[in-house]
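Chain lettering (A, B, C and D) follows the sequence in which the chains are written, and residue indices restart at 1 in each chain.
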Amino acid sequence: MKSLHGCNFVAMLVALAMVAAGALMLGQQVNAAAEGTITGTVKLDGTAPHMKGIDMSKDPYCVKQHENSPAHLENVVVGQGGGLENVVLYISEGLTGNEAASSEEPVFDQKGCLYTPHVLALDVNQKFKVITSDQTTHNIHPLPNAMTGNIPWNKSQPPGAPPIETSWKTPEMISVKCNIHPWMHGYFAVVKGPHATTDGNGAYTIHNVPAGNYTVTAWQEDLGTQTAKVTVAAGKAANANFTFKGK
Amino acid sequence: MGKFVAVTIVVIAIVSAIPILRHTWWMAPDISQHGAPIDEQMSETMAEAGISFLASQIILALFIWKFSGSRPSDPIKSFPGGAKTMVWAAFLLVGTEVLALGVFGVKAWANVYFAAPAANALPVQVQAGQFAFYFRYPGPDGSFGPLHPDLISEANANFFGIDVDHDPDSKDDIVTAEMAIPVNREIHLLMHAKDVGHSFFVPELRVQQDFVPGLDLSLHFTATKIGRYEIVCTQLCGLGHYNMKAYLSVMSQEDFDSWLKKEAALQ
Amino acid sequence: MHEMSPQPHVAHHVPPTGFIRKHIFSLDHKVIGKQYYGLALVAVLMGMVLSWLMRIHLAWTNYPIPGLHWLSNTGAPGNVMTPEYYLQLMTMHATLMVFFVLTTAPFAAFGNYFLPIQVGAEDMPFPHFNMMSFWVTFVGFLVLVASFFVSDGPTLGGWTQYAPLSAVGAVGGPGEGMGVVLWASSIAIFCVGQLLGSLNFITTTLDMRTRGMSMWRLPLSAWAWFITSCMGLTAFAVLMPACILLILDHVAGTSFFVPGNLVINDQLQPHSGGSTLLWQHLFWFFGHPEVYIAIVPGMGIVSHVLITNMRRPMLSHRVLIYSMGALAVLSYMVYGHHMFVSGMNPVSSLAFSFPTLIITIPSTIVVLIWLGSLYGAKLRINAASLFALGFISMFITGGVSGFFLAQPSIDIMLHATYFVVGHFHMVMGVAAMFGIFAGTYFWFPKMFGRMMNETLGKVHFWLSFVGAYAIFMPFHYLGLAGNVRRYQAFVIDYMQPLIPVHRFITVAALATGAAQLIFLYNLIHSRFWGQPASDNPWQATSLEWSTPTTPPPHNNFGDKLPEVYHDPYQYGVKSSMGDYVMQASPEQVPSEHDEA
Amino acid sequence: MASTVHEPPKIASPVEPVRTAGHDGRGGWAPSSGELRRLKDSPPPASTGIWVVLASITMTFLAFSSALIVRQGSAADWRHLSLPHILYVNTLVLLASSFALEAARRQVDAFMKGRGTRAKSARWLYIALFLGLLFVAGQYVAWLQLRSAGLFLATNPNSSFFYVLTGMHGLHVLGGLGGLARVIRRFGNSALRKSTLDATAHYWHFMDGLWVYLLLLLWMKL
């Protein structure tokens, strides 16, 4: 009664894709020095919206994790100087297709009945790990749009269960939730090519951008998107700042 | 061999009865106003059922003991009275038992379900969804705003789909993940299912009622003992069913008021 | 001039040559009976293994079960069972047991083999339907098992498959998409199979009885099968349409059972207006008769076995039959007691409560008749009679606990707790299984021409009897303490003190389960190497013991059908054969045991 | 339906059983007057079986009807659709086929008694079969009409029930046609049993009544 995994197939494709990507990178090594970066900060204009506190009383374990650090919603997180956290920056126009695919395997952790990071930016077909640091069972339930070709799934991770390793086929901002802890909510931001996510101060850096003209898009789960045109010179850092209007 | 069977049956019967008699595992103490008749009903049924259980098992054992050893030469005896006695016995025993229990049962059932909630009962709305309960208090204006299913967004902690910006009634509604009620005050519980079937079970309150999607039911009860109890889901609702629960805090009126203020501040 | 007179139904009675017709697509009710038994055996083994896994997980949650990930890597990552996998196993366990074991073994298997012989016919009237009945059922089984192999596994909705969880589709959780569709299809197919079976059973009983075999002269087992088939005919005919509607809600987007304004995972569902209670009504209208479909054949088999081993007829043949009939009829009026807290009108709860209490009267009559007949009997103790006596004990226990659940007011406390689980496992699970065991030890010699090993049989009984109580009595205590069923772990504060009880139950369950392997061994070993059996090893009276050979020839009675001269159970009389006269023997009985 | 049973002849002197080897409890003795036949006076199984079949079909459609009634009462989303007129034509066709089958039965009877010809009986059977097929085709046309009217299975509860009920009934009718075809074949090679023909006829008429019932159920607003 061993159940087939629909994902096995996908996994294989992914593996192939990785090999292909690897070959591509080797090809790129030569002019690696010639690649520039795009940096900047994302700010919120106006007062930071009030983020509701989360009442986890349903699961005493979760409550204990936040005894001295009350949990809040993370839809809009503003740092010093109005820097916006969890904004995803990616190149929406101007990609040539032979950018280096990043090789590292990001981790999406379930910690204290919250997702860290709240938003995980991923390249198409980039493998990532879903792990749990909690002693309570979570279920991971990404909800991609059925039209995009990304296949929705819904799996539980009991404490100490091995990581779930998978990837996404097409670019999409996929919201992910835990049904056992309904307040748990985050995003897989699946984009094509080089990308970055802002830190606590709203700063970001997109690496491995070949010289050229690009349109950079900043995406925030609640505040929407903004774009800016930048020109990257070989080995130089181009700058692009964004400011979102508070609702 | 037969005698051995007989002994085993008797031993099993008695051993099974002991935990019941000693209440080793028993219903949680009742904290509700309507619970007493239910408990009464339970112990009566337990007594009558227990007696018929022990009696019939022991008779079974007795006959096995007595007649398993009999030699082919022994004559076949027939039970005095034959089948007719049995039929009459069954009708008398069970019939009276049934009527007795039935009548009392109706009483117990009636004062849960046939009595209307008092006018001054405190309305609380509970919404069940995969896999958590959320509660809504009407706030000072005493009235709930309408629900907009399309606005429901757990991501933004809008679990009920209330529209604070446009519905005046919703402005002061208080949504909580834990249920608190004042002691000795009747609660009028308005039950709403968000997605699939769930159930509202508080053993101490002697209350169990399904949430029926598409059909909003209501319950009313009065808690008589201050304390913290658990509300659990008893209707299979999916993978998180086992962990679908909320706490029920029964507090003094003062504590309740301050609790409500605290929660209101967090909205 | 054309021959239009009823052809004798012997066209197919030239024994088939060729393996396929003989053993696979056989028209012979005896072969079909054995096929049903085999199917039940496979299903029960699967069901038992599933229950072991569930029990281990309940007792030691998050404790890896070595090798489990080979069963399902998604279901048990790192050998630890996930919540959804537990519920999926639970659903499959229940479905396998209720439909493919408790319905097939005592009813379809033994009934197919022995009903025609007991009425003195050479076969069922519609052998082709009979063959289809089995193979359709088998397909249903395959479809159900197939759901283990779809991407997110079988359905987790429980064997009752309450809507809307079962009808909203994959968004409801793992297995709620394809899993449910397969489940519903499997059950719909199963219903067709059982309807074909019931058709044959009823017509066999009504039309195929041999000369002298009046209805009252039918053995109690035959009566039980007849009554059961009448129930099956109506019950399965209602479940099938329900399943069809459920499937449509899935694949065609209709809204029979799904109301509007449902929001799952922040997505507003595209359904409107369906009635969730409609499913419950349709399901339980089938569901309650179904539990009697599972137990009534057991009652018949056990009475049949007991009488033979008590060497005397029951106090009253007819009262037993009337009682079983009453159970059948009442079982349709009581189904609402499954829905006391479902939001059904509280008045109808009471309306359902009374017939539910009333139905204990016929059951009590049956028990009292059994007990009263034991009095003054010459009880033979053997594996068959032991299991028959065990059945009575279990039936009493399970029946008594039913008394609580019949009352809405108490049901508030016990509904959906382990008390319910204990109740139905006792009365329709263990009791029915004991009926199957009694039947097996009793009829095996006739079916395979060899005796089963008595010693192993007795060992099997002791372990099963004590084990069953050790497992299912504590269930009732757990229920009283408010332990909710269908939980994969007990994280609720007030349930944690109960976990030791669950550990005890698990150990008992593993041991009792292991004991069933003795039975399996006995079955297989005796089949090939058991002592050869005589035609009538138990000195019994009914027609199955009058066949010219053992096992019976292809047309059961050779060139001549038997003629019946007596009521079924002529025991405790002085006759040329000892203390009994067979139905087919013209010998006059000095002291007729006449009917009450 | 249950057969009445002859009292077995009282045996004046019980036959002394000839004991064979082994205590098989039966001796080598077998009743003298047994014969390899069912009881003569009990009806052929087909004529009992058909009633059993009809009983279960009744239950099935009762379940569907109760579902329809509950569903129609439960929610406000019930749009009562006006039935395609071809349904009434189909109804007449089905009724006609029933009459044809009756005629066929009479012919076959006569033919058995030596009057009438095989051809005549066959003709009526074929007419019944043809009309039955015509009915099914007509039902299909009705579906097409609904489809072109934009009413699909899931459009609203009423259309759902329309498709489900007509579909289920259609399947049963097809089953009946199969039976009819079998009757014709058997009649062809004169292996037809009267009971088979009667059973088929009963089934066919039942389908008739069932259809009228369903039509009313779908037509009237509860």
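Just so we're on the same page, a residue touches a chain if its C-beta (ideal position, glycine included) is under 8 Å from a C-beta of that chain, and two chains touch if they have at least 3 such contacts.
Computed from a prediction, not measured in an experiment: that's the story for all the values here.
Nearest to the global CA centroid, when each chain is reduced to the mean of its CA atoms, is chain C. The chain pair with the larger count of C-beta pairs in contact, out of A-B and A-C, is A-C.
A separation of 45 Å divides the Cα centre of chain A from that of chain B. Chain centres here are Cα means. That of chain A falls 54 Å from that of chain C. Computed centre separation for the pair chain B/chain C is 30 angstrom, with centres defined by C-alpha atoms.
Chain centres here are Cα averages; for chain A and chain D they lie 64 Å apart. In chain D, the residues that touch at least two other chains are 75.
Counting partners per residue, chain A has 59, 136-137, 139, 154, 156, 175, 177, 179-180 as the residues that reach two or more other chains. Within chain C, residues 82-84, 173-174, 259-260, 265-266, 273-275, 277, 489, 491, 493 each touch two or more of the remaining chains. All chain pairs that touch, listed by label, are A-B, A-C, B-C, C-D. Contact residues of chain D toward chain C in the complex are 1-3, 5-6, 8, 10-11, 14-17, 22-27, 29-31, 33-39, 42-46, 48-49, 52-53, 55-57, 59-64, 66-67, 70-71, 74-78, 111-112, 114, 153-154, 157, 160, 164, 168, 190-195. Taken in their complex, chain B has these residues touching chain A: 129-133, 154-157, 159, 176-178, 238-240, 243, 245-247, 266-267.
Touching chain C in their complex are the following residues of chain A: 1-7, 59-60, 136-137, 139, 141, 143, 152-162, 164, 175, 177, 179-180.
Those residues of chain B that touch chain C in the shared complex are 1-2, 5, 8-9, 12, 16, 19-20, 24-28, 37-38, 41-42, 45-46, 48-49, 52-53, 56-57, 59-60, 63-64, 67-68, 70-72, 74, 76-79, 82-87, 89-91, 93-95, 98, 101-102, 105-106, 108-109, 112-114, 129-130, 149-150, 152-155, 161, 194-197, 199, 201, 203, 206-210, 212-215, 217, 230, 232-243, 245. Chain A meets chain B in the complex at residues 52-59, 73, 75, 136-137, 139, 154, 156, 175, 177, 179-183, 185.
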